[in-house]
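In what follows, chain A forms one complex with chain B and a second complex with chain C.
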Partner chain A sequence: MNLKFNNKLITGILTILPANEVKFEDEIANYNFSEAKSLKLKMAMGYNTHRIVEEGVTISDLCIFGFNYLFEKEILKKEEIDAIILVTQSPEYFMPPTSNVIQGKLGLKQDMICMDINQGCAGFEIGLIQAFMLLEQEAINKVVLLNADVLSQKVSKRDRNSNPLIGDGASITIIEKTENKNSIFANIKMDGTAFDALIIPAGGFKTPSTPATSEMIEDAAGNFRSLNNLVMKGDAVFNFVQKEVPPMIDNLLKYSGYQRENVDYFMFHQPNKFMLQKLADKMGVPYHKMPNNIVENFGNASGVSIPTAITFNLGQKLIKEKYKICLAGFGVGLTWSSILIDLGNLDFCEIINY
Partner chain B sequence: MEAFIKKLEGILEVDKIEMDDVLLDFEEWDSLTSLSIIATIDADFHFSITAEELLSAGTVGNLIKLIQVKSKK
Partner chain C sequence: MKQQIINILQEIRPEFDFSQNFNFIEEGMLDSFDIVSLVTTLDEKYHISIDGMDILPENFATVDSIINLLIKNGVNQ
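Showing the complex of A and B:
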């Protein structure tokens, strides 16, 4: 469905990445493949280093670290925050919401909304759409969107399908009201019939974790994982992205009335370099307009990948300049969503290490 | 189809493939070659096939037949 928002603005983006860097080469021995084959995979997919949290570090650690950075620099004031939206698939508890935990630890006011949303690859778009809707309220003037995941903890180290690309991280995006009349255009689609294309099969109420669900099993391709681990149907996800994303962007541009050539950057979710290059080829977008360098530098931290792509590739440019940016997230759900937005003149746009 | 066969030889890193060659038996076969073939078919013939369809085709010849059948649809 198509969505349109007026008088809303992103005013800052901060990405928080764990300082711990793991190299692809250091994990090759875990995989049941020859070194030559794994190095070929590295080249094609753009695997190199990824950021992984130290054991015990959770999403609230990363988020609170980022908040404190903004409070100390006096870029953000506690009392201004009217809502926290946390998009994550690595909550600290089934109950309560992790956004409440973060609010409590930060000592924020009670007169506010905290909300967890279970979404992944399209989590930046879902979070922004939710933020825009909250800002329709008179009482809400500033929304903080948190995207945070530490899914490396759920990926088998012996799974060459998912382990090389996974990354951990968090991002803080500030969304506010503005007098500026430029509309923000969005669209979103869902297909729950393919709910198992990306899934952690066990650990929820349907299949609780037991000793049996932690048994490591080899799949047809030679990867080892248990039912407690994240599993991805790589080919199904690839086909889904190539089929659904190009027409989604066509529809978004048609709905907004903008020409493809007038879009400065296509800041897309970062599954791997291979998939993004094939997507750019299919859409006729030059590679320099669609960055694909996040997996090779940091790994794919789900909904954090777009804020990371923006802060890494544009960073300080977005403090002074303004660009027409097309965002698109696609994956778990299945969910796919895109947003056409003016981004720039930000109060902050950077990456910090935890 | 000749252009596709050339690409297939490149992906599988062999000088020449035969129609009765078994896909799984290629030295280079793994999830990356499988995905590369799926991506090539998507780019050249504008339809998608799954990794399962690819595997159940078995031989190069059957894969070509599958592509020809799907192209006509």
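Showing the complex of A and C:
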């Protein structure tokens, strides 16, 4: 599905990362890798350092910390916020929505919309699309998009498929109306037949958590995880990404009328370094235009990986400069989405530690 | 080329004998992480980038299937 939005823009991005760093070398003993294999995979996959929250830290802690930073610096005013969209797969409760919890704790006005969206790897694009749609309303002038996840708590420490790559974090993105004529192009696709390619099997109403679902079971590759843990069909997800993402970007560029060469950066979701390099090779995009350094520095925090890639790789450049950027997220759902947007002259674009 | 590939495989999983005519996937001699290591090594050695769409277990099941994959990706035998 192709979508087009006019007169909207992003005016700031803040990434909030846990200060707690965990190193791959300290976790090698958890996995059944030889040392030589570990080193090879470290280079290929980007296993290195990931940011993990301390026990008890939730997504609202990260988001509220980020909000207060912006309020204190007077970059954002409470009364201006007309909507909060929170995209997460680690809500604090089944009910109420965590966005309402955040609104209450911050003391924001009642005359606003709060909504949670259950999405992950494509969560930045899904959230932006929702923000653009809300901004079509006369009453809504400023939307705050929160992407936040602390999924490390749902990954088995003895699962070499997922644990070395996982990261926690949150991001705050401000989206507003503009008088300037501009167009933002987007597309989105979903395939729920592969809903179990990335899944936490137990803990919801379908399969409630019980002592039996907590039992650790060894799979064929020697990983230990329970039904309460995140499980990923790595091969299937890899092949889905390689098959669907390049034509999605071709379609987006064709729809927008822009050439690939006119795109300054391809800021893509980063499941692992190997997958991103293979995508860049297939699409004929030089690596410097498609950064792949988030997993090795911070881990993959789902929908937070793109805001992290932007703030880490472009940061202060986006205060003064403007770039044409292609965003793409792909994963859980399955969901895949991309957006072509002019990004720049931002009020803020940085990373802070919690 | 055949011996070069056997040597690379042997380096990745020294506990197995890759000169035998086994199906490496069915026999559990290569897992998905071994395939990542293998692709990275082959890309470096032959100065290619194996197409992501070709990174399927069946293309790494035997030495011959790996050779066919390399040829498909532009390596001269």
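Keep this in mind: the second predicted complex is superposed on the first by the 354 of 354 C-alpha atoms of A that agree within 3 Å, B and C clash if a C-alpha of one lies under 4 Å from a C-alpha of the other, contacts with A are read in each partner's own complex, and residues count from 1 in each chain.
Everything below uses one rule, namely that contacts are C-beta pairs under 8 Å (C-beta built on N, C-alpha and C of every residue); 3 or more make two chains touch, one makes a residue touch a chain.
Given the structure is predicted, the values throughout are model-derived calculations rather than measurements.
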First, second, both or neither for A:37, with chain B first and chain C second: both
Which of chain B and chain C A:221 touches, first, second, both or neither: both
First (chain B), second (chain C), both or neither touched by A:239: both
Partner chain(s) touched by A:279 [first = chain B, second = chain C, both, neither]: second
First (chain B), second (chain C), both or neither touched by A:3: neither
Contact residues common to both interfaces of chain A (with chain B and with chain C): 33, 37, 40-41, 44-45, 160, 221, 234-235, 238-239, 242-243, 274, 278, 281-282
Contact set on chain A toward chain B in their complex: 33, 37, 40-41, 44-45, 160-161, 221-222, 234-236, 238-239, 242-243, 274, 278, 281-282
Partner chain A, residues of chain B touching it in the complex: 28, 30-32, 34-36, 38-39, 42-43, 48-51
Interfacial residue positions of chain A with respect to chain C in the complex: 33, 37, 40-41, 43-45, 160, 220-221, 234-235, 238-239, 241-243, 274-275, 277-279, 281-282
Chain A contact footprint on chain C (complex, rising order): 12, 28, 31-34, 36-37, 39-40, 49, 51-53, 55-57
